[in-house]
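As structure tokens, here come the structures.
Each of the two complexes below includes subunit A, the first together with subunit B, the second together with subunit C.
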Partner chain A sequence: MASVEKDPVTGRYTTGHEWDGIRELNTPLPRWWILVFWVCVIWSIGYWILMPTWPLLNGYTPGILGYSSRGDLEGEIAAQKTERAVWLNRIESLPAAAVEADPELLTYARAGGRIAFEENCAPCHGIGGVGAFGYPTLADDEWLWGGTIDEIEQTVKFGVRNSNPNTHLSEMPKFGVDGILTPEQIEQVADYVLTVADRAPVASLPGAAIFAENCAVCHGEAGEGNKEIGAPALSNQIWLYASKLGNQTPEIRDAEIRATVIAQVTRPRHGAMPAWSERLGPGTIRMLAVYVHTLGGGR
Partner chain B sequence: MTEPEGNSLYARSETIQPRSVRGRFRSWKYLAMVVLLPWWYLAPFLRWDRGLGAPDQAILIDMGGRRAYFLGLEIWPQEVYYLTGILVVAAIVLFLVSALYGRVWCGFLCWQTVYTDLFVQIERMVIGDRTRRLALDRAPWSLDKLARKGAVHLLWILISGACGIAFTLYFGDAPTMLPAILTGRESVAVYGAIAVVGGFCYLLAGFAREQVCLYMCPYSRFQAAMFDEHSLIVGYETWRGEPRGRWRKGQPFEGRGHCIDCGVCVAVCPTGVDIRNGSQLGCIGCGLCIDGCDSMMDRVGLPRGLITWDSIASQAARAQGETPRHRLVRPRTLVYGAILAVALGVIGWSLLGRSTTEMTVLHERALLYVRLSDGSIRNGYVVKILNKVRSERQFTLDIEGLEGVRMSVIGGGPHLKVAPDSVGSFTVFVTAAAGIATGRRVPLVFVLRDQKGGDETRAESLFVGPDR
Partner chain C sequence: MSLFKHHARIETNALLLTVGIVVTVSVGGLVEVAPLFSIESTIERVEGVRPYSPLEQAGRDIYLREGCYNCHSQMIRPFKDEAERYGHYSLAAESKYDHPFQWGSKRTGPDLARVGGKYASDWHVRHMIDPRSVVPGSVMPGYPHLTRPLDYGDIGTRLKVLRQVGVPYDDAQIEGAAHDLEEQALADPNGAPPPVVARYPKARLGRAVESPENGPVTEMDALVAYLQVLGTMVDFTQVDPALIRR
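Entry: the complex of A and B
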């Protein structure tokens, strides 16, 4: 190790380190850097005392201020809940129709209902209630279990075909599988139902008599449906088990409807829906009902 | 440790203690100070009647209410392009003025200049002029030095604090905010803003001073690009002054220049430049050296104007013994003037045609159309109506472009009510019978009419139907 000496060129001292004859100039840190360094050290001591710092075996030192970002979040959530409680209380204390009549409440309920809908309902019914194959479109004006605001709220509360005692229950007989109708009869009924859907039923078709005997008791003489038992109307262009947009040519569309009717009569499919009163509060359910009712098809 | 010269990244700056001076330009600077400072401090207290429910402050930026008020103009957040317009106009005015008259902004109007000038005046009143201040800086600490320096800084801090307070008053109702600020009832945000603005006022006008112009400010860098040989700038008449030299009373001026090298021009300069070295970045064009030199020329008995506020072309003409001719109209000023006229025209035109109603129509995206049980097709829209008037208004909404359609509005019948000075949002359903809109996207125009008449606002959208 060489000794510390003064470098004649720069007028500065060397560090005393030498590698292969190369010596290093001593370049001390600037004063401001040292100052900032010590200020940071002092700051860190204050930080240890005030803030959560050291990990312990089962936890950490909380610090005098006891700060935690989770605590912040909990405070914010609690504040939000108090703020919302005012609105929810008003919504819960009024019948759904009165909520819709009040412009302020309607705006709040539609906004809140949309959030709840996208979280809970959209997985099946689609964003905006667009519907999917087997899941009813909620934006149109066809309702299996009724489209008034109270009927919608009832359906949201108790659901369809679940274990809740108040749920909507109904089952279509398995006409094909149980041998009530022959495959030939089922095809004849399907042909007749297509004319019902066009609102021009042809009574001379062989399916007309079969329809009157077997189907009309639930679906109605003219195929108008029955909301008490969730029997869908057949006298319109809306089909649960068909593609939703109906973008095909009329021939392909008719073939699809015919096939879906035959399949349904032979071995019926039944949709189910949870009873949301078991998961959501009454205010949220009312907001959902208002939202769905104002999607455009509410009665 | 000895730091060798040229090895440091930091150049120590000498504090500049400008000497006081009297003259034309000094008077202009006092005038600027007397007009601009009270304006800055008192403008928030100006009132402007906008009717019931609206703030009556003439200049107000209401962050909470998302509005900006300037006299009779009320700006909504989406109209922030007016701010862009104002900035464009300000920039072009700066270009034009710089091309015509040099750094007028820097020398007289810039807040850095005005506040620095004010702070120097305070030093002059408390301590004395340049020589006294330099002497006090060199003197060891004493009770007198402590008292004088303390008084200077106290006054600086008071003025800076008031500057910070004045800044915040533009963002709230000044007459109620001021007492609240002074009695400690305002929010942390307000006191934070006061601390930041006031702190920088104290720092920049008290300590950084000409360093701001030399190292921080972008304007001082690019203003020279607006100059040409006809721009009026502060300049030293080299042809007349050189060769300079010391002069004793009674000596003749034959065979030498008129500059007696007295150093007054440097001593009075707030940025500490020597104007005799030519036009330079450090010169903010305040003309105080002209005042200093003129007074010296008077005493020497020579004509004024050894340092002048004149163009390079005139100077050259005088050096040649010709009569200088100052040209205001030049391609450069014409272009700047034309740009300015266009910018002002666009702003004025858009302000005049500014509507009190706006409507935006958003087509529902989640489902483009719904087929109803009777085969008809329904489209949903969100219609937002901006009512910029301070009273509730009722509108009627109509559709053009598609015959035989039904329209219904959620939460409202045919009358769309929009609260004063706010945005009304409505869900609108349009239903067309089967077949009307099949296989196409029909352009649709929503027409909004104020029921009291007058206003008609249109917005375009589409009606979407199935492919077949």
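Entry: the complex of A and C
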């Protein structure tokens, strides 16, 4: 090991370390670096006193400032709530229809409703309420459980076929599986339903009598539906469980609808929707109702 | 100070240097980590968190197997925007029976910490089979193979292993695991609640999708049961914010 000696080139001493003839200069750290180092050390002492830092056996030192990131969040949310309360209090205190009648509130509610809709509703009902296979379109004027603003709000609040005590409930009988109708009768009634959907029911069809006896009690004599029990209208070309209208020929479309009706009568599918009052506040729900009602098809 | 004078001895002896590094790093680690095991405030004292039911646990195993954690986190951070979108921030207590926890570190998809109850079960099924059939812009792969029957012959053993790492399953829960699993999956959601609900409150009953054939319990049933309980165990209307403030 070499001893500490003066390096002739730099005039500095070496550390005395030597590896394979290479020696190490003992260059001191720059003054600014030393300064920053000690400032950091002093800063840390102040930090220990002010902020939560040291773990103890059963807790930690809270610090004089009592900082808490979760506490901060509570403050931020409270501040946001106060800021929004200006609008939300008015929206919550007025009936939904009155919110819609006030242009200022309507603008606020539609903007807020759209945000909430895209996060919570669009996964099923699509952006802008375009609907999807099995999930009703909300931008048209056909409604399962009613399209007035209060009915929409009720549906958003309590949902459909869920565990909430106020949820919309109804169940279509399993006409095929439970043997209420024979497969032949189901085909006949499907043929008749196709004429109902065309708004030209052919009373002479054998399915007409079966329809009157089994289906009309919920879906109506003329297939107009019943919003009290969520029975869809059959007197139109809106089908929940059929693909969207594309460029199919009428024959192919008819065949698909007929198969859909047969499947539904044989073993009905039932849609479900969460009760959003369990997740969202009353103001958000009212804004959602306003948004959906003004999508284009509100009654 | 004599140690500093003799640092050449430490630096030139591999064994001494190794020991020195281990000692130094351990001190740092012990000071940071060790207190967490005794600090009572690490895990918040909230009501409602329970071990997963056998069906949920089977679904959780599928969640891991399929690597859902690669794109989905289960950790709502205490930020305003996250609270806005996902709900109340996650508590340590809510994942205390998770082995391993699924906090995740990457969100290609949304956070799932409170996805329970947010969507209907049949939506989950369709979304899993073909994500783009319900979310047109989704980049999630489809998981249509999950409709195959669930292999739960060893579900009791799986609970037993979890008990070994501290999940408080009792003997009856372990012995009756397969029975509980079937009971939860095959129960009528609208009927009287079966005994499994007493053992696992808030467990979601019934198949993921109305199954006409009443075939065997599927992997989809298990996964959806797991997703539907995520973030629903703690009733935050009953939690005093001061008690969980950190």
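Assume the second predicted complex is superposed on the first by the 242 of 299 C-alpha atoms of A that agree within 3 Å, B and C clash if a C-alpha of one lies under 4 Å from a C-alpha of the other, contacts with A are read in each partner's own complex, and residues count from 1 in each chain.
Following the convention adopted for this analysis, a residue touches a chain if its C-beta (ideal position, glycine included) is under 8 Å from a C-beta of that chain, and two chains touch if they have at least 3 such contacts.
Everything numeric in this text was worked out from a predicted model, so none of it was measured.
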Quick check on the superposed pair: does A:L29 touch subunit B, subunit C, both, or neither? Answer first, second, both or neither.
neither
In the superposed arrangement, does A:G11 touch subunit B (first), subunit C (second), both or neither?
first
First (subunit B), second (subunit C), both or neither: which does A:V86 touch?
neither
Output check: A:Y60 vs subunit B and subunit C. Expected answer is one of first, second, both, neither. What do you get?
second
Touched partner set for A:G296, first subunit B, second subunit C, both or neither
first
On the A-aligned overlay, A:G71 touches which partner chain: subunit B = first, subunit C = second, or both, or neither?
second
Subunit B versus subunit C as contact partner of A:Q237, first or second or both or neither
first
On subunit A, what residues does subunit B touch that subunit C touches as well?
126-127
State the interface residues of subunit A toward subunit C in the complex, per the touch definition above.
1, 16-17, 55-60, 68-74, 76-77, 80, 119-120, 123-124, 126-127, 132-135, 162-163, 177, 267, 269-274, 278-279
Using the touch definition up top, name the residues of subunit B that touch subunit A in the complex.
1-2, 4, 7, 364-367, 370-375, 378, 380, 410-412, 417, 425, 427, 429, 466-468
So in the complex, which bits of subunit A are touching subunit B?
10-13, 28, 100, 103, 106-107, 110, 126-130, 137, 139-142, 233, 236-238, 245-250, 294, 296-297
Which residues of subunit C touch subunit A once you look at their complex with the stated criterion?
8, 31-32, 35-36, 38-41, 78-80, 83, 85, 87, 89, 117-123, 126-127, 133-136, 189, 210, 212, 241, 244-246
